[in-house]
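Just below sit the structures, each encoded as structure tokens.
You will see two complexes here that share chain A, one where it goes with chain B and one where it goes with chain C.
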Partner chain A sequence: MSSGLIEWLIFLSLAMIAIVTAAGMIITMSMYRAGLALMASFVALAGLFILLNADLLAAIQVMMNVGGMLVMVLFMVMMMMDPGGEMMWGMKRDMHMRGPGALSMHMPSGPPPPEEQEGQLDAGAMSDMDVQETEVGGHDMSDMEMGSMTPRQNYTMMVDMAMSTAQLPWAIVLGVVSALLLVILLILTPWPLAGIAPTQDASRVVGELLLSRYMIAFEGAALLILAGIAGAVLLAKRERSRVQTPPETKQRGEQP
Partner chain B sequence: MSWFTSSGGPGLLPYLLVGAILFGIGVTGVLSQRNSLMILMSIEIIINAAILTLVAFWRFVRPDQFDAQVFVIIIVTIAAVEMASGLGLVLMVFRQRGNANVDEAKELKQ
Partner chain C sequence: MSVFITPLFVVCVLLVGTYFIAVIEQLLRLGLRSIGIALTLPLANAIRLLYQEDLTPRGADFFLFRSAPFIALAVVSLVALVIPLGPTLIAFNPSIGLFYFIVLLSPFVVAITNAAWSQNSKEGLFATFRAAAYLISYEVPIGFAAIGPVMATQSLSTQRIVEVQAGLWFVVWQPLGLAIYLIAALFVSFRHPFDSALAGSELEGGAFAEYSGGRLLLFKIALAALFLLLMAMGVVLFFGGWQGPVLPGPLWFALKTFALSALVLWLAHFFPRLRHDQMLTLSWKILLPASLLNITLVGILTLTIPVGR
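What follows is the complex of A and B.
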């Protein structure tokens, strides 16, 4: 086996991992898994950097991007309603929705269906819910069987739970078209190739460049980080001025 | 076909193709996702596609000049700042509304 072939094999597997996990990030219903898939994509990209003789950038990629994504996953688990996606999955199974993963959970397009007759809806929904509760022990989403749901209920539930917007087909078309355009341009452009391999030590040269020719960019990045920290703290700070209505006045208003 | 292989291994074009595909995936995610955290993550994919393209150009076009690596370092820094301020915004929207869906935050004031 020649070294070129081995390089091709490593490249293909790393590229496959990077692309499949990036696509899986969008397709999976669990946001936790989406974060982990993105981290896997970053690590595969770091491998590609090593293959490109950019070992310094591979280290930076792992340290900064994967570490940053870890914080993101933490935030996700902390704040999202259903980070594991278990509720979504159960709903998708119960409603027999087609399509891979989260792509089937898109926002309904078009106007909402008309409201049904009150009595019939109530009776049907109530009896079905009773049956479901005795059977499954009151699991939240098991009530949402397709049979017991009117189109209106289905619509409002999808509006609540959808993971992607109603413009999903257009988004996919735009993504494919932009990627195809880029590929065509990349193939058609004659790139001026240098048939040499890098010989110098990257970290040494990059350090010298950062502190000589790119000094202003370096200091600007430092300033930007400072501004970013200040802005993030300011944005995420709990606002003291927004006082909610005290509970006693609310009660007083409701009682008469 | 010298841009397809370089001394037996993968050349410039395969790396650029990977970057283009990742960019398309990121664009799809940004345009279709409903949760603002997912949008931030898709933006990260786009930035990483750009970084991969830059590094591939460095390796196969000017491997003797290390300016591209400096650019990559600065891009990574800016991406981190963007992520931090984006998370701050998401946190603020989440506090105000109880979820972080972008289509429900059409009017930014309460």
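What follows is the complex of A and C.
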């Protein structure tokens, strides 16, 4: 096999990994898995950088994103309800929602059903409700424990639980159009640097540029980060001072 | 053909080195007299684990639980590529070799947090938090400790760092850097004083609580191999790598690496296990200022003493 063919194969597989894991990030219900899928997508992009002989960029990409995503996942596990997506999966299974993963929980289509008054649930309304329930998102609610819900309640519940907004079709159209525009730009643009050989010692060149031409931006970023650290420390200190520590004698008294 | 032979060679060297790390551990535990037992016990343990059933706990995140040991092994084998075993014996020699090494250590922590999270247990969740806290606390000290040799060499290439130390090892004038590096290396490889994410006595094994059989064996191999690689990189950075008289380069390198591993494992025996908040305090309040001091000292010394330039 020629090296060009191998390069093409590596490019295609890395690109596939990047796209599939990015899609997986959207589809999965587990926040932990979503964070990991995003991490895998970025690592695949780092592989593409290596393919372009930009190994410094690839290493920076891995360093920034793996650590950053892990901290993000950690915060989701600490702060959010149901980070593993177990509750959502249970609902999807019990309510027989169709569609891959989180995409099955979309916004109900059509206008919201009218608010019911008490005592007006006669036989006609009940049959109406059954029809509407099959219309709303196409969910079969017959064997659910919550089968006694009114259409209005069901509608508001689905709006609360939805993992996408009502603008989903428009977002898809916009995404496809912008992707097409990008591809057209890619083809039409003359790439002036395409014929030049890559630099051998990228770290040296980047370091010299950072400390000469882009020095003000570099030092400014350092100042911003320092201000961020100082602010975080200040906020954390203020929070701690408010918490009252229990007197030590009481703790000692409780010990057997 | 070298595309296929080089990875095979790297994995074989890594497995043999891992076996010797396990032997050193057993020797430290049993004493020098029972060297026969120490030589056979790691193999016996491996065979015992292979015979064990490979269980997946109920309610586990199936995909993450199954894939975690393989992520760990893949990371370890990728890291091993940039270690120079001899003057020409290096699998992958980029100009940013050392940076590549340090960057690829963080996906190993991801493998450990995946293993801990996916087993769907409270012990595992605690281990997740602890392992992620390690990632944040070791990255800065190990990077700053490794900057010392880079400043003296003016290159990030591992091979170049070894070549510059032909006259004088960096440990002679950067002992503080070596100490910080070794402590951070114990952090990274989840070794004894800093192993609270895998603690057997408080978390029932932590990240590995629910692993058994072949997958546990893979994890243990990956952990020992990671320790071996960190010690090898310590030899590259501070002890002149494969440089040495009479004997061939790779042999010198192996001798130095195993001697350093034995020394570090022996010294680690004298310390009790650190609590996670003590570890974070150690990392941020002691190691970070010390490494900044080290960088300042190395900078002054590099400008005043022209070593190997």
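Rule of thumb we're sticking to: the second predicted complex is superposed on the first by the 183 of 256 C-alpha atoms of A that agree within 3 Å, B and C clash if a C-alpha of one lies under 4 Å from a C-alpha of the other, contacts with A are read in each partner's own complex, and residues count from 1 in each chain.
Definition applied: contacts are C-beta pairs under 8 Å (C-beta built on N, C-alpha and C of every residue); 3 or more make two chains touch, one makes a residue touch a chain.
Predicted model only: the values in this text are computed from it and were never measured.
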Specify the outcome, clash or fit, for chain B and chain C once both structures are aligned onto chain A. fit
For A:Gly84, decide between first (touching chain B), second (touching chain C), both and neither. second
Taking the superposition on A as described, I'd like to know which of chain B and chain C A:Leu56 touches: first, second, both or neither. both
Quick check for you: in the superposed arrangement, does A:Ala202 touch first (chain B), second (chain C), both or neither? both
Examine A:Leu74 and indicate which partner it touches, taking first as chain B and second as chain C; both and neither are also allowed. second
After superposition on the shared chain, which partner residues are touched by A:Tyr32: those of chain B (first), chain C (second), both, or neither? second
Quick check for you: in the superposed arrangement, does A:Met157 touch first (chain B), second (chain C), both or neither? neither
Partner chain(s) touched by A:Met95 [first = chain B, second = chain C, both, neither]: neither
Hey, is it chain B or chain C that touches more of chain A? B
For A:Val66, is the partner it touches chain B (first), chain C (second), both, or none of the two (neither)? second
Minimum CA distance, chain B versus chain C, superposed model, integer angstrom? 14
Indicate the residue numbers of chain A shared between its chain B interface and its chain C interface, in ascending order. 56, 60, 71, 200, 202
In the complex with chain A, residue positions of chain B that touch it: 2-3, 5-35, 37-38, 40-42, 44-45, 48, 51-52, 55-64, 66-67, 69-70, 72-74, 76-85, 87-92, 94-95, 99-100, 103
Would you pull the chain A residues touching chain B in the complex into a rising list? 2-5, 7-8, 11, 15, 18-19, 22-23, 25-26, 31, 34-35, 38, 41-42, 45, 48-49, 51-54, 56-57, 60-61, 64-65, 68-69, 71-72, 75-76, 79-81, 106-107, 162-165, 167-168, 170-172, 174-176, 178-180, 182-183, 186-187, 191-200, 202, 205-206, 209-210, 213-214, 217-218, 221, 224-225, 227-229, 231-236, 238
Looking at the complex, which residues from chain C come into contact with chain A? 59, 61, 63-64, 94-96, 99-100, 102-104, 106-107, 109-110, 113-114, 117, 120, 125, 128-129, 132, 135-136, 139, 156
Taking the complex as given, what residues does chain A use to touch chain C? 30, 32-33, 36, 39, 43, 55-56, 59-60, 62-63, 66-67, 70-71, 73-74, 77-78, 84, 86, 200-203
